[in-house]
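Think of it as A, B, C and D in the order they're written, each chain with its own count starting at 1.
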Amino acid sequence: MAGFDKVVTSYADAMAGLEDGMTVLAGGFGLCGIPENLIQEIKRRQTRDLTIVSNNCGVDGFGLGVLLEDKQVRKMISSYVGENALFEKQLLQGELEVELTPQGTLAEKMRAGGAGIPAFFTATGVGTPVGEGKETRIFNGREYLMEEAITGDFAIVKGWKADRYGNVIYRHTAQNFNPLAATAGKITVVEVEEIVEVDELDPAQIHTPGIYVDRIIQGSFEKRIEKRTVRSTD
Amino acid sequence: MALTREQMAQRVAREMQDGFYVNLGIGIPTLVANFIPEGMEVMLQSENGLLGMGEFPTEETVDADMINAGKQTVTAVKGASIFSSAESFAMIRGGHVDLTVLGAFEVDVNGNIASWMIPNKLVKGMGGAMDLVAGADNIIVTMTHASKSGESKLLTECALPLTGKGCIKKVLTDLAWLEIEEGAFILKERAPGVSIEEIQEKTQGKLIVPDHVPEMVFA
Amino acid sequence: MALTREQMAQRVAREMQDGFYVNLGIGIPTLVANFIPEGMEVMLQSENGLLGMGEFPTEETVDADMINAGKQTVTAVKGASIFSSAESFAMIRGGHVDLTVLGAFEVDVNGNIASWMIPNKLVKGMGGAMDLVAGADNIIVTMTHASKSGESKLLTECALPLTGKGCIKKVLTDLAWLEIEEGAFILKERAPGVSIEEIQEKTQGKLIVPDHVPEMVFA
Amino acid sequence: MAGFDKVVTSYADAMAGLEDGMTVLAGGFGLCGIPENLIQEIKRRQTRDLTIVSNNCGVDGFGLGVLLEDKQVRKMISSYVGENALFEKQLLQGELEVELTPQGTLAEKMRAGGAGIPAFFTATGVGTPVGEGKETRIFNGREYLMEEAITGDFAIVKGWKADRYGNVIYRHTAQNFNPLAATAGKITVVEVEEIVEVDELDPAQIHTPGIYVDRIIQGSFEKRIEKRTVRSTD
């Protein structure tokens, strides 16, 4: 029986069911730890009118930036965008909507979405444009905003290693938003560098338990570096 | 003389204490790491999920999976930890970071800060800045005292949309070290050779000048 | 004949599907694990922070650091994961567990459940039961149909303080399998040899009896 | 300089500053992963009028149960108590107050306390005695309770291994509430089985980053088993 075997072998299968108008949560910070190939598959499918929830929107020609080329994105929910010219152009022409959300609030909204917490309070954004129209409340003499959870029809995630049950670990700072997105997708798809045997990962050291994961695919990755900074070796 | 960027970083570094967890923003704040007194240990938090950021890697050790919040390739120090963005901002929002240093466009006498948005210019986003200013008790803002055209950035009331409300108590400009208390900037130190008159002239918000305002000393 | 505890567990086990993540409460629900059809894989979630609970350890492998939510020493299966209580209830509250099986004192026609508190008796606490019933879409309650003194536990309205409101849709008693829909218990199956009359007599809440109510069959 | 060296060598130092009337958050589930020696130190100090936040309250003569013997506890905030007779007696005699809190809500309250989230919404407890007097609100057609965060003057935590910077990992299911308590104490004290070298723990595999930890002490542990269940080996 299939049991918990979540491995799929084609990117077409990995993104099966993605439809126009859906909301997609994407892991990654800048170009680090982004689900490169799952994004390419969304481009290949030409799915349109998407709402993308991701800290950033890639760069021209790489990462989520490629979805702008054919105007597949209707709305971005992000903390920092505009590392690419096409994004700026579409935004100014009103072809793209952006909901800017503080980075920590964005992370917590995804976590809350996965954890069955419909809303929470945070001091972040009080008295700023982010707080406009939002309910505020005083706790212990301080003012807080109420922020609502985010969930997605799909979550696309980049892991390092996973077993076929969907247990995932991330490599270094490529973790970032990935485990949060993973919890909050109705269908969570994780692409990894390596699929390992089911007993290879230490149970106490798994970043994303398999219960959150619907599909696993092994891919190969360019891992483009956004700002290559090095020191001299002498 | 107005402070150089390096001198500003040097002055901020004097606020460090041994054992501090510190978040440094992009620009001048990043330079602070170069001036931490010898023998003092501080640990740098990078909000993309790294506590214990180290120096840049060598050509040989560059790793696309190891970056900081400025998206630069970095290394991790011994004793570092790496975690999700939710955990990272739990630390920040929960007040566990001892010191945050960041830049700004404007600060006002009520501790408001504007640093992320200039209306009618393209807005790229606040990133983690709003969480950082809301989460930290101890924040130092670094910026030039006035714009290139001479307009003060230390105001009675911020004109630009805020990043945070009532959260700033310490400001280092290229001219002065100031603390915000009860609706005023208190002039605590001035840059070497900078007159109190110049600082007064370039400070639009209420400025309190104590009897003695020492000059900063740089080695 | 009323079902034995083992038969109740056996009947519940038929609701399993391959690939289900399941949380089993203490008592009869725990027995369900013994009746999972061969070749079917399910993974047991224990709310103290273990996904993939295995069988009891041997004398040699008993480990105080490896327990289940009933505080029994257990093992982990291959592919298990272990995490904090916050993560565990994120799974539960977030609706990621496919099936929850738990006991109760009373259930009513509106899907309310009372399972943790009898007023004027010492109350030991709800543990994770309130989170489990609030978080799961798919819950099976297992209990005897009536108390030892013959009082129905399937009521028009729960008399005891609730564990959860409007969250129960499936009940297995020692006499019947029932589903709750639109303010009534629907009699779906009956225990072998148990008459519809007996079930009607022991069901205080509104009971709908379809034309055909099959008997359960046990091998 | 001291820097990040958080190791203390006596239990007296570990709990220095604990005063009557304080709130103490304790890790552990049942008797699994409890800070045995830190609890004993609280007993030795005879600190009184304490509010203890812990999923359970130990058993007669072990774990938090020992703090009942000299009536040091004024109030317990727990999901499940009463595995010991003394607890029951003090409760019935009105010498002890109990605030029963659903287990998941308790875990989330501690996490929220550490994460600067003053309150959140959960469906758990709606329509039950837990919801009485609490604000409710509808999100997407479902009713939720507002629950407030918990913080403590002290958090007492049992880890497996830690380095002197306070980075901690937990062993198996002894993790439970420990990492949550660790985030929410003004002073967080962690006792561990082993203090390891600073570069021994994998940075990406640390359960509790050192930023949350104020003091680390190495101890030895009885690790009593509450319900020893075994299978036969044949």
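General remarks:
The rule is simple: a residue touches a chain if its C-beta (ideal position, glycine included) is under 8 Å from a C-beta of that chain, and two chains touch if they have at least 3 such contacts.
Going by UniProt, the chains are A, D = 3-oxoacid CoA-transferase subunit A; B, C = 3-oxoacid CoA-transferase subunit B.
Quick caveat, the model's predicted, so the values are computed rather than measured.
A centroid comparison over C-alpha atoms places C as the chain most distant from subunit A.
Separation between the centroids of subunit B and subunit D, computed from CA atoms only, is 36 Å.
Subunit B has its Cα centroid 29 Å from the Cα centroid of subunit A. If you average the Cα atoms of subunit B and of subunit C, the two centres end up 55 Å apart. Residue positions of subunit D touching 2 or more other chains, listed in rising order: 108, 111, 115-117, 122-123, 171-172, 175, 203-204. Residue positions of subunit B with contacts to 2 or more other chains are 76, 82-83, 89, 92-93, 135. Of all possible chain pairs, those that touch are A-B, A-C, A-D, B-D, C-D. Note for the complex: subunit C touches subunit D at residues 46-50, 55-60, 62-74, 76, 82-86, 88-89, 92-93, 112, 117, 122-131, 134-135, 161-166.
Chain contact summary for the complex, subunit D toward subunit B: residues 1-4, 111, 113-117, 163, 165, 167, 183, 198-199, 203-204, 206, 209-212. Here subunit D touches subunit A in the complex through residues 108, 112, 115-123, 137, 139-140, 142, 144, 148, 169-172, 175, 203-205, going by the rule given at the top. By the touch rule above, subunit C contacts subunit A in their complex via residues 18-19, 21, 39-41, 43, 45, 51-52, 76, 78-83, 87, 89-97, 135. On the subunit D side of its complex with subunit C, the touching residues are 29-33, 55, 78-82, 88, 91-92, 100, 102-108, 110-111, 122-130, 160, 171-180, 207, 223-233.
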